[in-house]
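What follows is a pair of complexes built around subunit A, which joins subunit B in one and subunit C in the other.
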Partner chain A sequence: MTVATKAPRGRPLLFTSYPSEMSLFPTTTRKVAFGLLLAVTAILPFMLADAELQLLATCCIAAIGAIGLGLVTGYAGQVSLGHAFFLGIGAYTASVISGDPDGRTVGLGVTNILVWLPAAGLVAGLFGVIVAPLATRLRGLYLAIVTLGLVFIGQHIFNEWSSVTGGVGVGRPAPTLEIFGYSLFTTTASVTRDQKLFWLMAALLLVFALAARNLARSRVGRAFTAIRDRDIAAGVIGVNLARYKTIAFAVSSFYAGCAGALLFTVTGYIEPTSFSLLLSVQYIAMVLIGGAGTISGAIAGAFFITLLPRIIRELQAFLPFISTDANEVPNVLQVESILYGVLIIVFLIFEPRGLFGLWVRARNYWKSWPFSY
Partner chain B sequence: MIALLEGIVRGLGVGSVYALLALGFVIIYKATRVISFAQPALMLAGVVLVSHLAGPLGFWVALPLAALLTAVLALGIERGAVRPMVGRPAFVVAIITLGVDVAIRVVVNIFIGLDVRNVHDPWGLDSWRIGALQVQQRHVAAFLATALLVAALFAFFRFTRMGLAMRAAADDQEAALAQGVSVGAVFALSWALAGALAAVGGTFATAGVSFDGNLWLTALVALPVIILGGLDSLPGAVLGGLGVGVAQELVATYQNDMPWLGGNVSVITPYVLMLLVLLVRPYGLFGTREVERV
Partner chain C sequence: MTLAPARTDTVTTIASRIRDRAAATPHGVAMREKHHGIWRQYSWSDYWDQALTVAHGLLALGVEPGDRVAVHADNRPEWLFTDVATVAVRAMTVGLYPTNPASEVGYLLSHSGAKVLVAEDQEQVDKALEVIGTCPDLERVIYLEPRGIRHRYDHPALLAWDDLLALGREHRAAHADAVADLMAAATPDDIATLIYTSGTTGPPKGAMLSVANVDFAVRTISRGRGFAGSPPGPGDLSVSYLPLCHVAERIFTIWFNAGAGIQVNFAESIATVQANLREVQPTILFGVPRIWEKMLATVQIKLANASPVKRLNARLWLRVADRIGATLVRTGGVHTTGTRLAYAVGWLFFYRALRERVGIGRVRFAASGAAPIAPDVLRFFMGIGVPMYEVYGMTESSAIATGNRPRRVRLGTVGEPEDDVELRLDPTTGEIELRHAGVFVGYFNDPAATARAKSGDGWLRTGDVGEWDGPDHLRITDRAKDIMITSGGKNIAPSEIENALKASPYVKEAILVGDRRPFLAALIGIEWDTVGEWAQRRGIGYTTYRDLSDKDEVRALVQSVVDDVNRRHAPVEQVREFRMLPKELDHEDGELTATQKVRRSAVADLFGDLVDDIYTARVSA
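Up next, the complex of A and B:
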């Protein structure tokens, strides 16, 4: 028996086997689009100024964290407000491993990114596994509040444990970006520091995004969505709830740990008060505004939220009533925080699928043009 | 011994505030099955209103007026952001209220400004002496006000027509609707009540001391309280609030004996307590166990 794996020409959405439907890039268009995206990413550092590249590198890191939250909240449906806690664990694990052994704060002096990045992820993942039993016992809003409690407990520990975190207002240096002695954080004759930074973060985002995409289309990913859609029904058809919720939390925390480790390398300094509830809300906003339950949505949301302050500063030129002075009302910072809130509300009420949903709408419109459906 | 007793009294005062805030959460939850993360913003709005109105009008006029205005604000939130979401998953609505909270707090913070603000309450930091015991008046006032409000609320739910309607809607929305209960009015009233309670609770939370934008963190303590007491239990909210208040103040009293925990460990006591209780009783101390049909 032969199994047709390729769709006939001109019928890109006709799938004749499950593997072809679930493949990473089901249609030729997707393959081409992905290739184009890669090409643009590769040449982008030659076209943009260093400040923009730095911002885009931060976007890539935030996207890694958002993908992690997307896996547990968007795919597995377990609302976690505790993402900031896991980001913090990752950040401090990495900076302790790569920190200066003779410095003011604890450090082991292993500066290789291949050591501290996976270690940060693993330690955060371990904490995810520790928290997971709560998730298997609690549902919905109870879980949201418990994870919120986690943020407060984490903040207390980060603020007080000053031999590791440097203490409030002081902080400690971020992990060193270095691979086998080659520094990824210095400007050389051929490439600037920010070009290297962007390429590194974009490459890491690619790896993490593809891994998440692969997880989502595997048996594990299908178990996640089954739990999200109806956990009791999922349990009845044989999905081991405890096991898959634990996996969801572990993977999500692993992503958060890695993102946390990288997040502060751009600015160079980690301040313990960064890991507050606001950070968690930002990541929730990324996932929801981008589109819950999609990897590309999480990435789009992360870029959007991270670029938001910059967008507002650009808009400020056209909206003179917004002030850049922090002592005047309304100023840019206030507009920014209000927009976080308002955007969450507007997207949830009018387009629950987020930016991804907007893209689907636009695509469908042009697909059926000039007919409305 | 004196330290212990004083800690308990302080705890009851602080706990009454938590109880008021927690009651707001529980009333909204019972009516709409939603946890409102907008409560901190409502509380802050109420406190700011009191601080602005108490100057010209005096504390005793300002407090009810601010509670009323906050109730109107809560009504507006319910109408504008929550009502369109009826029938959507509870988590989505909860996140919407989170967005509302972030947005409103920015506006409220503008009215706090950079100056030191207080609510001009009549108690200040004055205290009574009972034997060797020193009791701050503001804690007694908070406790009495809470007792009064709780009694009024329970009477409202027990003896009035609207209270009956609210209990019916909390029990079974569709059945209540079929019996002619206006579920929309129940939603609106529950939000208004929660707003007013938040304003009063917030005012007592900051009585005697000045406040700034960080006061909203106090309202979040009501979350562990309602989890402890059970999301849908009014007595649970009151007892949980008092319990958490006492536990927090006792830890604050004795935390110097445990320096390895770090300073100010009392701030996170409610959350630790919540985690411990949840490991044993996932539905809180007084909550109803959820039975779900597939």
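Up next, the complex of A and C:
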């Protein structure tokens, strides 16, 4: 009956098929913008110092973790405070697999990133599936509190199981960044370690972000949104709640596992107390400040939160009453933690859609030009 | 798919045009229909294939040349399939307005003697079944939407559209050449369609348009004299939203499509036209004055509600647009260097965004017709860069008479006669008379009315009074029967004053009274949306239409509109007094025709007390 001819040119609102309506880049402008972003990312390592590249690489990894939390909390609406636990599972799985067999801690000696990264994700994902039944029985605040319990259980295990984690205050080496014997973590004549690190993490972020975007615009993603908006209504229209909540937790934990595995490769060392409630809260902050329910928001939030200490340090130059000395009041560290809390409060009250919401607001202002609605 | 074998047709019909397009460009897009949020596309071969199957289906139902096939549906592909199929089997299409109440449906079906009715849904089927007893010729009622009908209704006349298609396929397999034979036998004198005029006075009359009439109209519009740049073609898009039973929409949807191959896009409904326009961004757009007035009102209200910076920007560029519009009016639509420059800058800041948001960003030919329009409205659209032309035509002339042309626009006139159109003014009454190949054959079963409208040597009396403005341009004064004579003896053309009032975003209806009365007065109906917004912004609470109309503040608002119009008119033409209409005029209540024109007689009857009140109050005061 219908012809598969393409829609007429220059009419971005006229869709002749559902795939075109849901496409990743619905307009040429988006395609161009995305291409530009990629180009900038590719040349950035030649323009920035190594220390900054290292920071940006950390941002990319945090973004992968934030996207994972965004999927379960932002898209599927299941508030999880247990993200630190899944990050820890990933980190230790990866370091056990790639660890030195003859070292102080357990290690299998498989240093290829193509092995330990997926494995970290899968193991964490498996734990996600185990935890998921909680989510099918609980909602909202209760779920948050139960996932909080996860963090404490995890913390206890990580602290005590010293043959794997190295123990409190000691830790163990992070997984080795190697692909088929080629080290991604050493400086060669042409490229420095941090340049490689940045490219690798940016590429991984791209892969994970695109995968998440595709998941979000698929049947699964629509089921997530339906559950978030009203799980009873979603159940009534035929969304299998148990199944999709399980998928949400599994995918989210997979992302967390991968992010956890990568997170410590930059510093080289894993300390078991890192996986505390604070880490979970940081990721929640990334999702909320960035903008819940969007991938780009999660990325923006991750960059913002990870760069916050650096931003405050830069700010200090202009605000001399803030001290860099930890013994004086107010000092940089204090301002950092205060700002942290203030930002969450301010965003939740004034712009619940987060950084992404600010962008949407700016975009809508021009989109609705010359009207206001 | 088997296309009909090529044979030498004696005459070109819309059916043969569609068939030839399907053969030449089978995969080109003929039309789009929005379905569950997606614009479904139909190619020319789909179009012809469906029409051919329907044509065979009609034959299977026993439709013979000269029979009438009625369609009672909103604009949708099936309307076109049925129309083309009907013409292919040499029968006549009769369109019914979706808003026609059952009594009018009964009148139209029995008067036309329709044999088959294609009804859209349960609502229209109910109307038909209510009156089927008074329509002895009606044999079959075909419904398009089975919801609420299938498994519930068991009237023997009912037939589902899908079943008609099945019948058609069967017939097509058995008698492959039946339709092609009929098409080859068509003559120019076959009646292609009966178009019932809405009838502001008396019952509707069915104008018979022959194959030759339609062909003249199709050829005239395809030539595209009204288009700046290239004539209309397959790259053009239109939005179909006005009732297809009206000759104007028939031209812009079916005839333009068949003649020039433009892509027709069906709006979901009249209520979603604004959104659909934004999506489709048509290049050809026809509207009755009411549509353009409403669009202007929407723009003004939305701009008034914009944030301060945007409001400032809008005010600046609207003022510039006003100047550009005024210059264009003076030059007949030819840009000067100054206007071009001003427009280019404004395009960047305002006009492009505004036009795109309203859905007229790509319009290269916009036309207003079917009723007179206030020049202010046209000037606004010209000012923001929409090539806007007022055109004139009527059912009885296959909608072809005059039109403004690029670079020769004269505001307030309906333009110049089209090619091959003879036009003259009656020397005594000033009535416009037309003669061309599109002038109708006559009124169906009404020789007396035909004789009144058409002289023996082919001149059509239009019933409109006009005058020449310059050597080529025609200005319409008013409908002959609407001209008012005040008791002071002055002739007054009400439509010009009414349109000036309606150009205000707050006024929806304005009906002038004053025939044989000491002075002019008006009945004014407010525009519910805009006045409602206006009241909200001022914190005036209201409940119903009537309540809002009766507010003193609203009266004062309307008074200011009236005063403004009065300032531009001579004292005898000024509206001294007005009353607010207590309800919105409606087709179903008989106050409007199906084309939303005011039935003066009905309004005079219904609101006679208001009119009397005006004059007694003044006299006693």
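Keep this in mind: the second predicted complex is superposed on the first by the 352 of 373 C-alpha atoms of A that agree within 3 Å, B and C clash if a C-alpha of one lies under 4 Å from a C-alpha of the other, contacts with A are read in each partner's own complex, and residues count from 1 in each chain.
The rule we apply is simple: a residue touches a chain if its C-beta (ideal position, glycine included) is under 8 Å from a C-beta of that chain, and two chains touch if they have at least 3 such contacts.
No experiment lies behind these values; they were computed from the predicted model shown.
Contacts of A:S372 after superposition: subunit C is touched, whereas subunit B is not reached. Contacts of A:V342 after superposition on the shared chain: subunit B is touched, whereas subunit C is not. Shared-chain residue A:T16: touches subunit C; no touch with subunit B.
A count of residues in subunit A touched by subunit B and by subunit C gives the higher number to B.
Note for the complex: subunit A touches subunit C at residues 1-3, 5, 7-8, 10-11, 13-18, 21, 368-373. Interface of subunit C with subunit A (complex): residues 27-29, 32, 37-43, 46, 237, 263, 278-281, 302-303, 305-307, 310, 313-314, 317, 350, 353-354, 357, 362.
The touching residues of subunit B, counted against subunit A in their complex, run 35, 81, 84-85, 88, 90-92, 94-96, 98-107, 109-110, 114, 220, 223-224, 227, 231, 261-265, 267-268, 270-272, 274-275, 278-279, 282, 290, 292, 294.
Across the complex, subunit B is touched by residues 79, 133-134, 137-142, 144-146, 148-150, 152-153, 156-157, 159-161, 230, 232-233, 236, 277, 281, 284-285, 288, 327, 329-330, 334, 337-338, 340-345, 348-349, 352 of subunit A.
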